[in-house]
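Some structures are shown below for you to check.
Both complexes shown next keep chain A, but they swap its partner, so chain B is in the first and chain C is in the second.
So, the complex of A and B:
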């Protein structure tokens, strides 16, 4: 059962967080937070790591059992079912959103004219295979690709550094705005708060306490990559131009001239983003599959792997009609829902645990 | 009890499941003689019935000076006639003329010069011995039969293997004879810890299969698992080692080899020292090694017989060409079809001009060339050696040049396919090369449909398959994922032996193989010479 190492936790969450951020979050951040986005992207993730502490604490009560199985003892049957269903649905929506963002990116930039169902079908088949294979496959897959991916992400700023407009740098200090900062914090909190879902799988973790520390490592590493990319994008294009670009990081890479061998390296970004997003989507879908399986008292997630993937793929097609609607969902409603599931629900369970421990103590004292 | 409890398990199983249900009739080929007899005649008749229509069987009947009728049964050409004549027959006649109780002399005092023999009362067992190159002696008046191990048959001499050539190192290779191979092994590994456990596989071929490992180095659970898998093999015949491989590998549908093979004793010995298990078979020079990982399949014996930096450089080249072999045609298709903006302008002009007169899309062009190359490669194996080289040259140069000049194929595609072909030969393990060759085609189709996205999806699928794949419980992509830090010293690069002091924890519990002060003779800096 205990298969996932702290290092694997670090690699999966690092990959997931810096890819999602650089691929899809720079644009809403630039339009909502402007120059405050840099500070928000520094504080937000660390705050998220602190706020998910209740999730770790709650799952400590029965470390060898899934909270989905025993959670009803803490908050009652119906509240537990509602909370867990919310988490399952949020993970499905998160997976569908990421899938839609990825397919939109491919269809608008590289595969113009290709039917979206064909693009999604191909990707979903690989996702279904990984989800079916299980959690250790997903984590091990992330471990294998981490080094190459991280190296590429660390090298991009070095190559693109010539585009920096140094005159913009003081604006990161002089144009700080509390409202903008709050907007950026909200987005970052929601995205980085996804680390809380890890503790739903606590029995799979080899060293859960060490994993909490390695989550901090993953957060800090992702923050470093995110900040370098965000800084480069903002200083190269400015917040106004950036907010009008669909994929600012892609535009940044398009500026890189790799010499006489390749004219431009931006199509390589497909591979880079795809591999990391793959890991993230697999994890969210696995969460949904195992959540559903345990809610209906089936201990094996595999019968749910294909239906969940198929459903998410369909959902990604019908979830929103246009890119504008997608942006609205990603920077408006979805983060709120995520924060509820990542931070509020663990706090409810924590309070439930606290009350249960208190009553338990009273009973012991009476006897 | 038979080795590893197979016999008992099979008996239990047979009790429960009828032959009709299993689809495998019980072994009725050797009917048991109804009564236990000590007379020569019924036993001889039984053997004659079993060996009816076998022109090479010899029943040599004779009478001892003491009056007992005897018979020697053996296959012509499978035993040493000289030993039979001088050390068995002659001795037997002498002993019989000198003693009163021939049975006691033979079976209890063991007065014959030939020491290598077994005594049995079971006719089936005796039959097996005869089939295994023994000469069996049956004496009238006693149930016991003597099986003399005087095997002698022509075997190939030990030569250099053509399939695993090496620049610097041993030229010795295994041959088809199992005892010779075991002798080679024993000669190089002079330790009682080298174990060679035997089992017979194949209902008709009765092929001896030997599991070899170093006790104390190899993980006991690995040995037990291998024995368990072998014990399930129920097949008429084992002709070569792949028969065994297919039965014991974890995922029979995976294109990737999950068991390594070698004809080289030095490779086998090195692997045993790493804690792996070897399977040796009679009738093939190819031995199997388990478990195996992708990095092991990318290692060549030469890597350990040259300077470690040179070996590392060659290994890196090998990995690059592994990727070229799998991806180059697909990348060419994807970039020229979907992402031409990636190609620098002068190169784009060159490629476009070479493709100007070609009537096919790039994918068709690539498929035509790749399939033609596969045909050439297959033909070069079948064609007699004397004309093989000429055909290869004709195929590669003349047909290729003619196709380009005729405007059927572009020159760029010829370069791509040639480079891919060369790359596939760089793989040290032939089966891995085949896997890559097969997988190249689906990736090409995906590249033609979705460009780099298709390649990425294909690679992810392949990657997940490799992450899932295990060889005897050892993850195929270890030591990269899961990460085994100590094993990274011998993967894409090879560090010197002083830095590869430990064995892999995945295959061995006994980790230390090189002493910490193996270069202890080096004087500390500043000390006088």
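So, the complex of A and C:
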């Protein structure tokens, strides 16, 4: 059962966090948070790491069991079912949103004119296979991609540093605004709060206590990459132009001249995004599949891997009608829903655990 | 809509025989079947009404 190492936790989470951020979050951040986005992207992730502490505490109560199995002892049967169903649904919507973002990106930038169903079908087949194979396959995939991906993400800012407009740097201190900062914090909190879902899989972790520290490592590493990319994009284009770009990081990389052999670096970024998003989508769908399996007491996630993937693929097509709706969903409604599932639900369980421990102590004192 | 139905039919048949191969009990096989059919119905409904109603609008209404 205990297959996932702390290093694998570090690689999967840092990979999914910096890829999602650089690919899809820079645009809403520049639009909502302007110059305050840099500070929000520094504080938000660390705050998310602190706020997932209740999730860690709750799963510590029975380290060898899944919380989906014993959670009803803490909060009662019906509340437990509602909370867990919410987590499953949110993971389905999150998977569908990421899949839609990825397919939109491919269809507008790389595979222009290709029917969306063809892209989604091919991608979903690989996702279904990985989800069916299980958690260790997904974590191993992230471990395999990580080194190349991290190296590329660390090197890109060095190549793009010539585009920096140094005159813009003071604006990060003089244009700080509390409302903008709050908007940025909200987006960052929702995205980085996804680390809370890991504790639903605690029995799979080889060293669960070490994993909380490796999550901090993943958060800090992702924050470093995110901040360097965000800083470069904002100083090169400014927040107004950035908010009008679909993929600001890609635009920045398109400026890098790597030499005659490869004219620009954007094909490399496309490969990196695809592989990293693959891992993220697989993990999200695995969470849904195993959550559903344990809720209905089947325990084996494999029979649910294919229906969950098929449903998510279909959901990604009809999730929103336009790119504007997708942007509004990603920067408005979805983060709120995510924060409820990542932070509020573990706190409810934590309170349940606290009350249960108190009543146990009372009973022991009486006897 | 036909394609959604076809994909889910293939999934149902695959899962049924795979579970039979693993000698899973009948109750669990029916649970998996019922959840897959729920997903199929949801998919068909969401697809049929995609121009009038979608997840984005649902979240707008709920939150």
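In this text, the second predicted complex is superposed on the first by the 367 of 367 C-alpha atoms of A that agree within 3 Å, B and C clash if a C-alpha of one lies under 4 Å from a C-alpha of the other, contacts with A are read in each partner's own complex, and residues count from 1 in each chain.
Keep in mind that, in the parts below, contacts are C-beta pairs under 8 Å (C-beta built on N, C-alpha and C of every residue); 3 or more make two chains touch, one makes a residue touch a chain.
On a predicted model such as this, the values are computed, not experimentally measured, just so you know.
Asks: Thinking of the overlay built on chain A, is A:292 touched by chain B (first), by chain C (second), by both, or by neither?
Replies: Second partner only, chain C.
Asks: Looking at A:7, would you say it contacts chain B, chain C, both, or neither? Reply first, second, both or neither.
Replies: first
Asks: In the superposed arrangement, which partner chain does A:329 touch: chain B (first), chain C (second), both, or neither?
Replies: A:329: touches chain C, not chain B.
Asks: Counting only touches as set out at the top, which of chain B and chain C does A:152 meet: first, second, both, neither?
Replies: neither
Asks: Which holds for A:171: it touches chain B only (first), chain C only (second), both, or neither?
Replies: neither
Asks: After the superposition on A, what does A:93 contact: first (chain B), second (chain C), both or neither?
Replies: second
Asks: Applying the document's definition of touch, where does A:337 land relative to chain B and chain C: first, second, both, or neither?
Replies: The second partner, chain C, only.
Asks: Would you sort A:79 into first (chain B), second (chain C), both or neither based on which partner it touches?
Replies: After superposition on chain A, A:79 lies in contact with neither partner.
Asks: Which chain C residues qualify as touching chain A in the complex?
Replies: Touch list, chain C to chain A: 3-4, 7-8, 11, 14-15, 18-19, 24, 28, 31-32, 35-36, 39-40, 42-43, 46-47, 50-51, 54-56, 59-60, 63.
Asks: Give the list of chain A residues in touch with chain B in this complex.
Replies: For chain A paired with chain B, touching residues are 5, 7-8, 106, 110-111, 114, 118-119, 122-123, 125-126, 129-130, 133, 137, 140-141, 143-145, 260-265, 267-268, 270-271, 274-275, 278.
Asks: Which stretch or stretches of chain A touch chain C in the complex?
Replies: 93, 96, 117, 292, 296-298, 300, 302-304, 306-308, 310-311, 314-315, 317-321, 325-326, 328-329, 333-334, 336-337
Asks: For chain B, which residues are in contact with chain A within the complex?
Replies: 335, 338-339, 341-345, 348, 446, 449-457, 459-461, 463-465, 467-468, 475, 477, 480-483
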